[in-house]
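The two complexes that follow have chain A in common; it is paired with chain B in the first and with chain C in the second.
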Partner chain A sequence: MIENIVSIVQENWLLLLIGQYPNGPLGGLASTFILSVLSIVLAFPVGILLALARLSPWRAVLWPATAFVYVARGVPLLMLILWVYFMVPLLIGRTVPGFVTMLVTLVLYEAAFLSEIIRAGILALGRGQMEAARSLGHGYFGAMRWVILPQALYNMLPSILSQFVSTIKETTLGYVINVPELTFAANQINNRLLTQPFEVFAILAIVYYVICWSLTKAATTLERRIAAKRAGTRRIAPELRPQALTAEL
Partner chain B sequence: MSVSQDAAPAMIRFSNVNKHYGQYHALVDIDASVSKGEVLVVCGPSGSGKSTLIRTVNRLEEIDSGSITFDGREVSGRVGRADLNRLRSRIGFVFQSFNLFPHLSTLENITLSPIRINGVKKDLARTKAMALLDRVGLAEKANAYPAQLSGGQQQRVAIARALAMEPPAMLFDEPTSALDPEMVGEVLAVMKGLAAEGMTMICVTHEMGFAREVADRIWFMDAGRILETADPETFFTNPQHPRAQRFLSDLRH
Partner chain C sequence: MSGFDVLAVLSNPEFAGMLIAGIQMTFVIAVGSWTLAMSLGFLLLVIRQIPVPIADRFVAAYVSYHRNVPTLVQLILWYFGIYSLLPEELQYWLSDHNAEVIFAIIGLGLCQAAYFTEDLRSGLRSVPKGQVEAARALGHGHISSMRYVLLPQAYRNALPALVNHSVSLFKNSSLAMAIGASELTHAVREVENLSFRTFETYAIATVAYLVCSLLIMAVGALLMKRAQVAGAR
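Moving on to the complex of A and B:
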């Protein structure tokens, strides 16, 4: 059984890693990785904007943002994927590659969840920080940029990281619209071998588990460091400080 | 350094200011002014409207009617966003709970606003911040984070942060109320230094020793009104209003 797994990996490692690239589209783990990272990176600024809109006193931004977040959080991801898959080509009048469909869906979906995390982070700071920034003469957005968001995002890093873990797991649903990623590659192998589904999907499970477990572990470590910083017990290395985090925004 | 009310022009003027929180009338017909260079202490029982009053000056609280001017310019009413931000940068505000930015070092707390708002060059902002830290006696804490400082030290940094914008006036909202008793003195010493340099100050405080020693004038407030205005000597030895008499006698017991 173990030997079977090892031999499947030995024979198919390239397919699992990059799909049929360069003879076909990039797939496998590389595609999963790119899809996850792009999703979260693009969802991040959208999530911040949504969070700010949800905290806004103006109904014109508050209501649409709230409606969007409620809908995105309230429907199954698979339904959202199928909706984007069938509706977007109708709306723009041409077909869209599965990868792009999946990316758009994940960005919208993750942005809704991230916005709730970021909103909670902002609300948790309390009024004093905003008041202090405003009393020094910062405008609303200046106060957000330099005082509120660096703290809110930094405090929420563990949650943001676990959202990233969810994103990785959610890329597997790309399978239903034929996005060439890791699950898709595993299924290709399974279809070819026919008799060893347990072994093939065990490989799949192990790969996802290792990736997600290490990221969860990283989130826990981060959480501990943040707790230590709050207690003021250790100096924070510059690369862990929030300016570094928001510099790319 | 007593400044006569009439000789010096008003730095802050309240005209018929009223404010409500729902049914509660928080500020009632406030009509008073603070002269340039004057050190004013506002005292009174809790809930009397002292904090609300000074928070209206930089519009952390909005007023319902009346007007407030700062250095001859209208604060209340329809003020453009940019004007409001500029106005706030010219009024130093010190909070009871310090409100330092915990993600920034002491030095960065002080330099953030001069750099980001006034466009001061980083090196110059740092030099000035170090001078301010020196002035509040915390030069050696420049690279420490707020969580590593005591309450008294945090409040002194907060004062330095407000001073970094070079405001012509400073407002203090119970700056020592959240401090352990042994740290009150170091903060009051910094405030005394500022007063001696001629800074216009409104201090909401329960430190009657400070009021007596440093204030040019005292406003006694209760239930949203200024009930008595007097120089410290008169206020402490011969208060006129019965509510002020009771307040002072409660303090002594």
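Moving on to the complex of A and C:
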């Protein structure tokens, strides 16, 4: 079995790494990675806006934002993918590649989860920070930009990194709508070999494991560093710790 | 195609029947894998208490694998990989008995057990040691201090995470569609293909999922309220 795994990797490593590129669309691990990074980077500003809306006293922004977050947290990602797959071509009047469908879905989905993390981070700072900033003459946005967000985001870095790991795991769902990424590439190999499904998908699991395990490890280390740096300052109340809010797939 | 008309889907007995069958299958998978995950979560917690290093390392490896490999890949590995390694008689038996549903329950259950056991463990660890010592000093025996002091607090601390993970387990039941189980998301795609009413079909399924998720969250909030005691954080 081990020899089989080694020979599959030797014969197919390029497909697993970049898909059929340059003869076809970029796929494999490269596509998974680009999709995850783009999703989290684009979801970040949306997440901040959602978090601010969720903390706003104005119902006109509070309610839609709250509804959006609850819908995203209550509906399976797969259902959201189907919605985007159906709605985006309808809205812009032309079909889009699966990669774009998946990107749009993940940005929406991740923004909801990131907004919960950021909101918890802001709440954990306590009101004193905001009051002090306002009393020093900052306006609301000035205080957010220069005082609140830098602290909240720094403290929440480990959670954001964990969310990135979740995003990598979520990109596998692109398999359902044939987005060329790592799981799709493994499936292509399996369809060609036909006789060694266990070996092929074991390779797939190992690759994901190595990537996600390393990133999770990095998040834990980062968390310990930040905790050490903040030792002596206020501790974050357990009910505001955002780990409990992140999604797993 | 005319305007938005949910009734056009719901009043058609064929489509309504498919959607209801899908919801039923989603419940079978969700409840089945939740039960498996919770039992296994407790079992792994007990194994971890065995004072042999290998027991702890085994559970740690189990948790690490199931948390770092995407759930969909785990399901695919079960259904396409492990299935093919089984003895032939067992394969025949399974294919006669909804193999995709059985593997979905096993895959999702084993995966979620890793999350549940960690939630239970951190609930247990969050109770300060002094609590049990104080209980013993007050005359409680081992069992009694567990029953009245340690476990109620551990339960209270573990509850929020357990509820969150139960919601994600319910949502993840939709992944069973990728290995061919005819649960709600699967039924949605079939109804959509037959009725050409994509918007309505998706809306019905989305509402169904949302209502169930919110219901689980509400039950969780109720349990947390009941577990709350005066003076506790």
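One rule holds for everything that comes next: the second predicted complex is superposed on the first by the 231 of 249 C-alpha atoms of A that agree within 3 Å, B and C clash if a C-alpha of one lies under 4 Å from a C-alpha of the other, contacts with A are read in each partner's own complex, and residues count from 1 in each chain.
One rule holds in what follows: a residue touches a chain if its C-beta (ideal position, glycine included) is under 8 Å from a C-beta of that chain, and two chains touch if they have at least 3 such contacts.
Quick caveat: nothing in here was measured; it's all calculated off a predicted structure.
If you stack the two complexes on chain A, which partner ends up touching A:T183: first (chain B), second (chain C), both, or neither?
Once the two structures are laid over each other on A, A:T183 reaches chain C alone.
Looking at A:L78, would you say it contacts chain B, chain C, both, or neither? Reply first, second, both or neither.
second
Is the number of chain A residues in contact higher for chain B or for chain C?
Result: the larger residue contact count on chain A belongs to C.
Looking at the overlay, does A:F68 come into contact with chain B only (first), chain C only (second), both, or neither?
A:F68 sits against neither chain B nor chain C.
Regarding the shared-chain residue A:T216, is it in contact with chain B (first), chain C (second), both, or neither?
A:T216 sits against chain C, while chain B stays out of touch.
Does the superposition put A:A132 against chain B (first), chain C (second), both, or neither?
first
Taking the touch rule as given, give the residues of chain A at its contact with chain C in the complex, in rising order.
Result: residues 70-71, 73-79, 82-83, 86, 165, 168-170, 172-173, 175-176, 183, 187, 190, 197-202, 204-205, 208-209, 212-213, 216, 237-239, 244-245, 247-249 of chain A touch chain C.
Which residues of chain B touch chain A in the complex?
Chain B reaches chain A through residues 58, 60, 81-82, 85-86, 88-91, 93, 95, 97, 99-103, 112-113, 116-117, 145-148, 161-162, 165.
Which residues of chain A touch chain B once you look at their complex with the stated criterion?
Counting only chain A, the residues touching chain B are 128-129, 131-139, 142, 146-147, 150-151, 154, 229-232, 235-236, 241-243.
Touching residues of chain C toward chain A in the complex: what are they?
64-65, 67-74, 76-77, 80-82, 84-85, 115, 126, 157, 160-161, 164-165, 167-168, 171-175, 177-178, 185, 188-189, 198-199, 202, 205-206, 209-210, 213-214, 217, 233
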